[in-house]
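There are structures below to look over.
Same chain, two partners: chain A is paired with chain B first, then with chain C.
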Partner chain A sequence: MKKVYINSIASISPQKTFDSSEFLNEIIIHEDQVVFAVEPVYKDYIPPAAARRMAKGIKMGVVASKMALREAGLEQVDAIITGTGMGCLRDSEKFLSGIIDNNEQFLTPTSFIQSTHNTVGGQIALELQCKGYNFTYVHGSNSFESALMDAKLQLELEEAENILIGGVDELADYTTKLNKIIHHIKDKKTSSHNLLDSKTKGAVFGEGANFFVLSNKKQATAYAEVVSVKIFNTLSESDVAETALSFLKENNLTVEAIDAIVLGRNGDVEFDGFYTKLSLSLFSNTPQICYKHLIGEFNTASPFGIWLASKILKTQNVPNVLKWNEKNTSSYNTILLYNQYRGENHSFIILKSC
Partner chain B sequence: MEALKQELKENIIEQLNLEDMTAEDIADDDMLFGDGLALDSIDALELIVMLDKNYGIKLTDPKEGRAIFESINTMAAYISEHRSK
Partner chain C sequence: MSQGVAITGMGIISAIGNNVAENFRSLVEGKKGITTISKINTIHKDVIKVGEIGYTNSQLEHILGLTPDNNYSRTGLIGAIAAKEAFANAGIKDINAFKTGLISATSVGGMDMTEKYYYDYLEHETHRRYIASHHAGDSTQKIAEQLGIDKSLVTTISTACSSAANAIMLGARLIKSGQLDRVIVGGSDCMSKFTINGFKTLMILSDTYNTPFDENRKGLNLGEAAAFLVLESDAVVKAENKPVLGYVKGYGNANDAFHQTASSDHGDGATLAMEKALKVAGYTPKDIDYINAHGTATGNNDLSEGRAIIRVFGEEVPDFSSTKAYTGHTLAAAGAIEAVYSILAMQNNVIFPNLNFKTQMKEFNITPQLELKEKELQTVMSNSFGFGGNCSTVIFSKNQ
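This part shows the complex of A and B:
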């Protein structure tokens, strides 16, 4: 089987990450319960005629995909695989509100067309004129991981050579209101400074798009090798450590071989215990990295973890703002990522320098 | 009639998300489709719904739409003659 490499990365997030030459040099401290993406100048990437019907999520996805392709030096890919937890929420809300407000009359086509979950994947394909495999996974907080797994299998089996994969989710007003009512969003404003230690229920919600070109041919630009991906819909807190250990064993690795662990800790006192199980036991001597205080929580926040792990493997630098403990290592060669949301959809990923 | 033309321009800009465009940028005789504003078939559907919702005009013959949506002038003339609200 062929190895799978991350040849390029691109991120649009609530931090200024769209400039890929930087690695969190300048940190934006957010103070609210929802944090919005810092947007690039879309007109530099999308013709105004095409952009006018695109909501924020579509624009973020299309632009992040273009950035990833540009870095990989590719004009075409064999497949486009997207992950999204909630799809194009803004247009969904607009379309559904229109039905209610107008008593099921006067329904216009644009927001309906743009509201489907696979709109981002479709728009990218239209822009590239890519008629290859195009798939969108909608699996909650394992949406991106499902896309990653699909791409990995295709590349390993040489069914494709270059695949564009990405995760995208956008914030939308009405859904945000609902998430506040059910306390999935924190009741009070919380600063990025103390979010991970807030010890309150709920999360700060965010949005963003993270895209990657994966290939079974390593380019000079390559960031990392994707060694393994495993997802679980359900996993109890008491089984997390054992599951992590089994995952490492399956990949002929030990805890000591892991140079850093990237955790999806989001400051929700109800569910951060899953991460604590790993950080206080198996990986207590491993450098631990967290990121959701910078970008918030959303179903496709975890590819931001892959984005930063890729950066770490390439630059051998961990910005202080990401460090959860004081442990250090001389070099970063193997990174384990673990993520879950509200105790469901757990993922383990191993990336290795290449 | 001038007020209706201004209203149409503002509604078209809003409904069709014509970013960076103001009512002043659209001349009364500019072609809405083709070389002028370069609207497309999805925009045509939006305009048909707009006529129904805002002016109570139901277009049933698509061929009719081609002449009505030629410019702001033709739209305003048709609406003035056929509006029910």
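This part shows the complex of A and C:
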């Protein structure tokens, strides 16, 4: 079986991450319950007329995909696999409120067409004229991980050589309101400074697009090797440590071999216990890294974890703002990532320097 | 690594039946399930026809034994019914005996509840539990819960009308590569005002019964349905000495890369999907005994698909028919619905007729199968194409 490499990375997030030569050089401290993506200059990547027609999620997805292709020096890929938890929310809201407000009359198809979950994947294919394999996964916080798993399988079996994968989700106003009334979004504004220690219910919601070129041919630009990815629809808090251990064992690794663990902790007192199970026990001596205080929570926030782990493996540098504990290590070679959302859809990923 | 991908169970609920046996009876009797809409109050009710499942939500909840405080969308409810039938059909007793996963497909997810309570959510607390069941993955999580699949690989695919075909494809790949021993694959989509109005604005809804591959076709009827297959590895089949209903022999996925909602004139994506599927199966076009076409009865699809079929099969196009006249277009579930019909066709050596056809299309001279036809079937090809250019083909075979 072939090894699988991350040859390029691209991130549009609530931090200034779109410039790939930087690694969180300046941090934006967010204060609100929802945090919006910092957008690049879209016209550097797509014609302004096209950009105007696209909702933010589509724009972020299409542009992040172009950034990833540019870094990999590719004009074409063999497959495009995207993940999105909520799909094109803004167009969905627009079309739905149109239906209700105007009693099913005077509707135009544009927002319906753009509301389908596979809009971003389809748009990228259209722009690249890529007729290859094209999938969109929509499974909550495992949407991106499903795409990663799928791509890895194809590359290992040499069914493809270069695959573009990505995760994208956008915030939309009405859905934000709904998530506030059911307290999935925090009741009070919370600063990035103390979000992860907030001890309150709910999360701060964010948005973004993270795209990668995966390949079974390592390029000079390569960041990391994707060693393993595994997803679980359910796990109880008491399962997490054992599951992490057996995942490491399946990959012939021990806890000591892990140079850093990237946790999807989001400051929700109800569900951060899953992460604490790992941070206080098995990995208490391992450098721990958190990121959702910088970008908020969304179904495809976890690929930001992959983005930063890739950066760490390549640069051997961990920005202080990411450090959850005081532990350090001389070199970062193997990183474990764990994520879940509201106790569902857990993922474990191992990345290795290459 | 497993060579074969065996189908050991199937389940379905659609406008023409609440289980596999009822669906088969309707298919054989030429009984379509297209009617005036009764369960959704839409201003379009007099100018569209749909394929609705007979049960109301409360009947479905009762069958599943759910408590009144459940937050299942209709997509989750019908999905759970079909998946449970597939599970029982496969005789699965100990779910933990083998590495088991679930891959579902949906396009509307929990939109049925969202559109019902959208503004009400802010005013009243009563239905707020449905807010969290809006997203597409939720219906799949519910189905997994109903089947007792936990701590497992569970995911959802949404590639518009090709979604369930892609779920079957991914399931087959996970079995072949040894990542799973057993996987339940399929899709579920319920009727919603959202999709009715969406397709209405695209002006591709027929005001009468849909007529696939007919020169005067006026568009599609929307349908709601769910269907699932149980796929198992050679090792599981051997260990449990299981009866096998058929095999997933080939699959192909391609993108038309032509237009967000329309298929290219000559069906480039469709052609590629069929060719890839034949290659994976190790077949030549001659090996296909019957094609269950996507055949939505829109002007665009049937022309594009017909041309693609001719491109792949040349002068010798096998018998083909679309079963959309029975069920309506069931969107993300269509690939799974038609997988069940393809397997029923092989099991019973019968080709289901393409109903409502009157006039030959003028662009080509291929004609769908119009009567129920008895014929020994070793292989069936099933096509599913969707918005976003997503094109998928799955090939089923009777024997490994």
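Simple rule for what comes next: the second predicted complex is superposed on the first by the 354 of 354 C-alpha atoms of A that agree within 3 Å, B and C clash if a C-alpha of one lies under 4 Å from a C-alpha of the other, contacts with A are read in each partner's own complex, and residues count from 1 in each chain.
FYI, contacts are C-beta pairs under 8 Å (C-beta built on N, C-alpha and C of every residue); 3 or more make two chains touch, one makes a residue touch a chain.
Source: prediction; values computed, not measured.
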Checklist line | Three-chain arrangement built on chain A, chain B and chain C clash or fit | finding: fit
Next item on the list: In the overlay, answer first, second, both or neither for which of chain B and chain C A:Val269 touches.
Entry: neither
Notebook entry, point to check: Does chain B (first) or chain C (second) touch A:Phe232, or do both, or does neither?
Noted result: second
Item checked: chain B versus chain C as contact partner of A:Leu96, first or second or both or neither -> second
Margin query: I'd like to know which partner A:Ile29 touches here: chain B for first, chain C for second, both or neither.
Written below: neither
Note to self: Which partner chains sit in contact with A:Asp150 here, chain B, chain C, both or neither? Use first/second/both/neither.
What the structure shows: second
Note to self: For A:Pro109, using the defined touch cut-off, is the partner it touches chain B, chain C, both, or neither? Pick first, second, both or neither.
What the structure shows: both
Notebook entry, point to check: Looking at chain A, does chain C or chain B touch more of its residues?
Noted result: C
Note to self: With chain A as the corner point, what is the angle to chain B and chain C based on their C-alpha centres after superposing, as a multiple of 10 degrees?
What the structure shows: 70
Check: Does chain B (first) or chain C (second) touch A:Leu280, or do both, or does neither?
Finding: neither
Next item on the list: Determine the nearest approach in Å between the Cα atoms of chain B and those of chain C after overlaying the two structures.
Entry: 9
Check: Can you list the residues of chain A that touch chain B in one structure and chain C in the other?
Finding: 105, 107-109, 113
Notebook entry, point to check: Tell me, which parts of chain B touch chain A in their complex?
Noted result: 15-20, 38, 42, 45-46, 49, 52-53
Margin query: List the residues on chain A that touch chain C in their complex, please.
Written below: 80, 85-87, 92, 95-97, 99-100, 103-105, 107-109, 112-119, 121-123, 125-126, 128-140, 142-143, 146, 150, 153, 156-157, 174, 177-179, 181-182, 184, 230-235, 239, 243, 299, 344-345
Check: Can you list the chain A residues touching chain B in their complex?
Finding: 48-49, 51-53, 102, 105-110, 113
Next item on the list: Using the touch definition up top, name the residues of chain C that touch chain A in the complex.
Entry: 42-44, 102, 106-107, 109, 111, 114-115, 118-119, 121-122, 128, 131-132, 135-138, 140-141, 144, 149-160, 166, 170, 173-174, 177, 179, 193-194, 197-198, 200-202, 253-261, 268-269, 272, 386-390
